[in-house]
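Please find one structure pasted underneath; my questions will follow.
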Amino acid sequence: MLRQIVLLSLFLFSTGLYGILTRRSSVGLFIAIEMMINAAIINFVAFNRFLAPSHIDGQVMGIFAMALAAAEVLVGMAILVMLFRQRKNTDIQSMNSLKH
Amino acid sequence: MGILSWLILIPFLTALAVIFTPDSKKIRWVALIGTGIHLVVTAVASWRYLELIQGNFDSKALFTQLQMTEKLPWFASLGIQYFLGVDGISMLMTILTSIIIFTGVLASWDVENRAREFYSLLLILVTGVFGVFLSFDLFLFFMFYEVAVLPMYLLIGVWGTGPKEYSAMKLTLMLMVGSALLLVGFLALYHGSGLHTFDFTQIATVRFPKEFQFWVFPTIFIGFGILGALYPFHTWSPDGHASAPTAVSMLHAGVLMKMGGYGALRIAVYLLPDGAKDWGLFFMGLTTINILYGAFGAIKQKDLKFFTAYSSVSHCGMVLFGVASLNMLGFKGAVYQMFSHGIMTGLFFSLIGMVYGRTHTRIISEMGGIAKVMPWLATCFYIGGFASLGLPGLAGFVAESHIFLGGFFGNVWSDITVMRILTILATMSIVVTAVYVLRGLGSVFLGPITDHHFDGLTDAKLTEKLCTGILVATLIFAGVFPIFMGHMIEGSLVPILNRLQASGALAAIGH
Amino acid sequence: MSFLSNFEWSQNIFYLLAGAMVFFGFFTVVTKHILRSAIYLMSVLFFSAGIYLLLGADFLAGAQVLIYIGGIIVLLVFAVMLTRSADLAEDHPPLTRKLFGAAGAITFFVVSAYLIEQSPLIIEKSLPSESASIASLGKSFVDIGASGYALPFELISILLLGVLIGGAVIARKEMRTK
Amino acid sequence: MGEWITNSAWLITALPLFSFIIVGLFLRPLNEKLAAGVATASIGLAWLSSLLLASHYFSAEVSAEAQKTLIPWTVEWLKFQEGVTVNFGVLLDPISVMMLVVVTTVSFLVHFYSLSYMHGESGYGRYFTYLNLFTFSMLGLVVAPNIFQTYFFWELVGVSSFLLIGFYYQKPSAVAASKKAFIVTRFADLGFFIGILILGYFGFKISGEIQTGSQPLDYAFLTHPEVLKAFLNLHLANGNSLLALALLLVFMGAAGKSAMFPLHIWLPDAMEGPTPVSALIHAATMVVAGVYLVARLFPVFSTVPDVLTVIAGIGLFTSAFAAIIACTQDDIKRVLAFSTLSQLGYMMFSLGLATMAEPLGYTASMFHLFTHAFFKALLFLGAGSIIHAVHSNDVWEMGGLKKKMPITHITFAMAVLAIAGIWPFSGFFSKDEILATALHGEHYVHFIGGLLVAGLTAFYMARIYFLSFWGKARTEKSSHAHESSWVMLAPLGFLALLSLTTGFIPFAEFVKIGAPLQQEGIDLHVAIPGTLMALLGLSLSAWMYTGTLNVPKKISVALGQFYVAIKNKFYVDEVYSFITHQIIFRFVAAPVAWFDRNVVDGGVNLTGAAMRGWSSALTLIQTGQLQTYLLWFVFGTVTASLLLWGIFLGMV
């Protein structure tokens, strides 16, 4: 059972990764990031449950991860709004002014 | 504070004094007084040195006897110490440098823009050079070596002429490559010796294994060779000297290139005798190309400074030729040549600066017949020219006869016929030198005046007469009375030779 | 809370949830419409809350539903609306980027899966019976002892405060004083 | 008293040096007249002291058998190495004392003569400084006890001749001539220097075995019998003896300085210098330095006979070659220069024919050197006074000077008779002895050649005599010619007197080497043909050049192309300048300069450019696309995890 859960979270993580690498719109990017973080939390909970059932560290980490994810999306959205106001579009590929 | 530390400190203090003198007109006087004091202190030091050794030396010595040494721990944990000492060779080189910087200050009497920085940089550069000649700790040696090389970039880049940025960059980068090689060599010595110290005299007691010496020797020799204009690495010299201001190219060609020869002799051959035996013939061949190549290259040069730069490539080739011939005559010849070429090039570049100051051109074909207008400069130029082609009675002849005799006498370790052939090839340079010296000087000074607004030109001023006068007097004194220099350097060359011959004995002493 | 935890039929519930998650997960990244992708993400999160319940981390499941679905997805939807990227509905990345992205993701998946197979950590073990209680989870947040998480708890709250203020400052209208 | 004279012999050499320094540095800027006076006085003093020394040295007190060589004074100049030390000093032996007398006499007379000849020239003081420097270096060369000191002063003589030839440095031709002279002699000195290297090294090797108490480069050592034996059994890789090679190289140096055939091109051009300079340097002193060096090393040369034959061959060829060219030259000084070349050839081949067994050639050559110095100096100074009067060197612009310049005429005539070898004059005796050496040694080729050259000499000397003094004044300038001042005429008179009397000096008693000479006095078998040939030359020239001058024109037309070739000195100069300019400068110097600028320098610039190229290539990776960075990041993590896993597996 643990193996299947870990494989599942790995699958989620990889699809999130695919999402980051291909999405053009920044919101899509955030969606993919959320998915990857969620995969990580699944792992936390699963390992906590199977390897150290009496402890709660896994779940605590899960909660903190969720909090961080929220913070991250918030900041992301703020930047996104600023960018959108200045660039009028949210396409990541057009934002390459930091090139050589 | 021994006298040697003063020798290094005086130029540095003069640099500081120059920076803090309020009136810019006084700067050159402060510099002159500073270098003047230095000249006096050097004379005292060399007098005391000659008294200390009284011309007698232990002919079986395996280690250089240092006089007036000063030793203070610096980074004790790494085995680095502030270790100054002097023997015949470094004393002679210090005298040379002191003369050149004094005349250099005189030669750059009318440097106007930013004279303050110019003089202070020049004096810092010379502090580095004195440090190199007097330090007997590899790390200290390397530090002063860098101090001597780095100001060169600014001096050429800011006060130079022609493509100054390009040549400043090229010169400094190539010398950096040289010092990189040196650093590798010094660290190899530091670790190879296992004594965990940079102290030169300690490392000298170690007998490095043959394979170790086989690769460390060329690294150090080429590292110094790059500064001493060894054949393939000499290309910075024409550009660098052509764009450098007078005093800088005087100092550079006169003194810095001698650090190459000095280091090769002092560190490469002295510490790694077996390496010297293996590579001796190879470098002798390279330097023969150096000599002839520089001489032939100089014939066709159009610009006076390139002309002198190529001639100093040829003469510095002779220095390394002497070092590579690995016998007493070769070593003595190399040290003589270092001294005589230093003075000679100093004279040449100062004169070119003065001529340029008047005719505002350095192209040989554009000038002609100006001896009529500036007889003093013409005579000094000709004396310098004759010294460079090795006329007896001037310093060049003594050095060249030593080197060629040394090349001909050969040494036990390399094939004698090849050495003889190389020596004969090198001797041909005296004819080629005569050709390019007379052609170059003839077309500049003799013949009818080609350009009529040369008529109004003036001859040498007092400062210029003093500068060229001192250099010419030294050339003649060194040429007519070589005995004094002989006594000075005889004792310090014997150990280098004994170490080469005594391949067995040293093993007994070594750890 | 043990009714969900008896072993044999919880196995197939797990497969059900996992299947749904895989299905929706795949579609979140593939679909061209950003809004739909947000909705799919919501469902993936919802099913992962189910898995937490399966694993007995019921507080976490609640928190998940509350924070993630309630907070972040709503925020994302607002962002989509605000930035009118809806008209950018057709988010179809260039083919090369897709291929490279797929290649990257697949290699990552394959290598990690292979490593997981090899790793000695995941020993085949059935779902253990007892599990920690929510009380111990709550106590741990205030316990200043060695195993307690009081300090991180305080830190996380300061962080969230900072982020809130920061986000507001960044997204404010241009300052009129310029 | 005698002891004091020989011990203070170094004074003769030192006097010109002191006066050079004093005049050069201090007096010249002050007052040129005074400077010239002091310079001439010091040489006069040196002349008197050398006469005193000679009279004492050759007097009866010094033991009669071969005058022993004395080294009254030496100082250690430079210790090259343990066994090799060079001492500068003074060596007195018959030929060096003779040379001292010759050099100082001619030098003093030339100084005296120049007081008036150079009057009014710009650089008057500079001229006398250079003359003093020359005299000092020539004396240093003459008294050198070792070959290194000879080389030392050899170069100094070369440089002072460079300075004096190029005295009129405004004239491009003078500058080119001085440059040419210095470079050609310098090239010859290269051979000399390599010869010294060989002698030095093997001498050092031999001095290890044989203790002779003198340094390897000293003449005493080189001419020591055992040392010579040791040298003889040293052989080169290809079999022939090492000593031969060394001596050939040393002869190359001598040939360069004495302008023997291949290296003679600089002497005719050296006439660009002022005439007194030509008289001193290019007639009497410098050019005979080569002969003197061969004489000095004669014992060593005599052990290697084939080198001597080479010398004899070159000597004869040069004298014939120069004599032929001299007949066609128009510039009076060039004629005299070629005649010097020819007479030097005489001395060389007479030395070449001599051997230790019958050393007549050695004495004859030195005797000819002695007499030639005086009458050739007289010829040059005479020519100088003509040029001073006529202001042109060209013989065809002179004519009819017999009445206008009586004293110059008489002295010039006496010199012409002397060089032609007519009885009472010194030329007859010395040339006679040389021809006698050739005859006794059964060297018939050299004897016939010598006779022919004697005839030719008489012919061309008479030619310039008749063209300049007889007939009518051909140009306006020569019609206004007037006699020079007494300051110029006194030396002419004195030299004329010398050319008359020096023939009667019993030279054989003073200067001899090896076995004692058999016969005494004039050998009629040689005297009669010699005088006949001289008279033939004189009369032929008289017939051609006194009457209407159409006879020489007809001959020159008849000879046609051959005549033109002779006039242009057989184009040897052109060959040399072709070799240097076209071949060496174009195919060696220019490519080297180009090679250095482009290839070696290019290499350095290339490394610089390559560095810049790579760095710009690297910047292409920064595309600015976020996703590409992420992609690199993913691949990075994957490979890193594989690596770590590999290591982990490896450890487990």
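As written, the chain order gives the labels A, B, C and D, with residue 1 at the start of each chain.
Operating definition for what follows: contacts are C-beta pairs under 8 Å (C-beta built on N, C-alpha and C of every residue); 3 or more make two chains touch, one makes a residue touch a chain.
Everything numeric in this text was worked out from a predicted model, so none of it was measured.
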Components of the interchain contact network lacking subunit D: A, C | B
{"item": "Winner on C-beta contact pairs when A-D is weighed against C-D", "value": "A-D"}
{"item": "Distance between the centres, which are taken as Cα means, of subunit C and subunit B, whole angstrom", "value": "74"}
{"item": "Whole-Å separation of chain centres (CA-atom averages), subunit A against subunit D", "value": "99"}
{"item": "Euclidean distance of C-alpha centroids - subunit C vs subunit D, Å", "value": "106"}
{"item": "Approximate Å spacing (C-alpha centroids) for the pair subunit A, subunit B", "value": "68"}
{"item": "Multi-partner residues of subunit D (each touching 2 or more other chains)", "value": "627, 631, 634"}
{"item": "Contacts with 2+ other chains: residues of subunit A", "value": "17, 20-22"}
{"item": "Sequence positions of subunit B contacting 2 or more other chains", "value": "none"}
{"item": "Residues of subunit A defined as touching subunit D within the complex", "value": "17, 20-22, 92-93, 95-100"}
{"item": "Residues of subunit C touching subunit A in the complex", "value": "11, 14-15, 18, 21-22, 25-26, 28-29, 34, 37-38, 41, 44-45, 48, 51-52, 55-57, 59-60, 63-64, 67-68, 71-72, 75-76, 78-80, 82-83, 85, 88, 91-93, 97-98, 100-102, 104-106, 108-109, 112-113, 116, 122, 124-128, 130-132, 136-137, 140-141, 147, 149, 152, 156, 159-160, 163-164, 166-168, 170-171"}
{"item": "List of subunit D residues in touch with subunit C within their complex", "value": "627, 631, 634-635, 637-638, 641-642, 645, 649"}
{"item": "Contact footprint of subunit C on subunit A as seen in their complex", "value": "1-8, 10-28, 30-32, 34-35, 38, 41-42, 45-46, 48-50, 53-60, 62-64, 66-71, 73-75, 77-82, 84, 89-91"}
{"item": "Touch list for subunit C against partner subunit D, complex", "value": "97, 100-101, 104-105, 107-108, 111-112, 115, 118"}
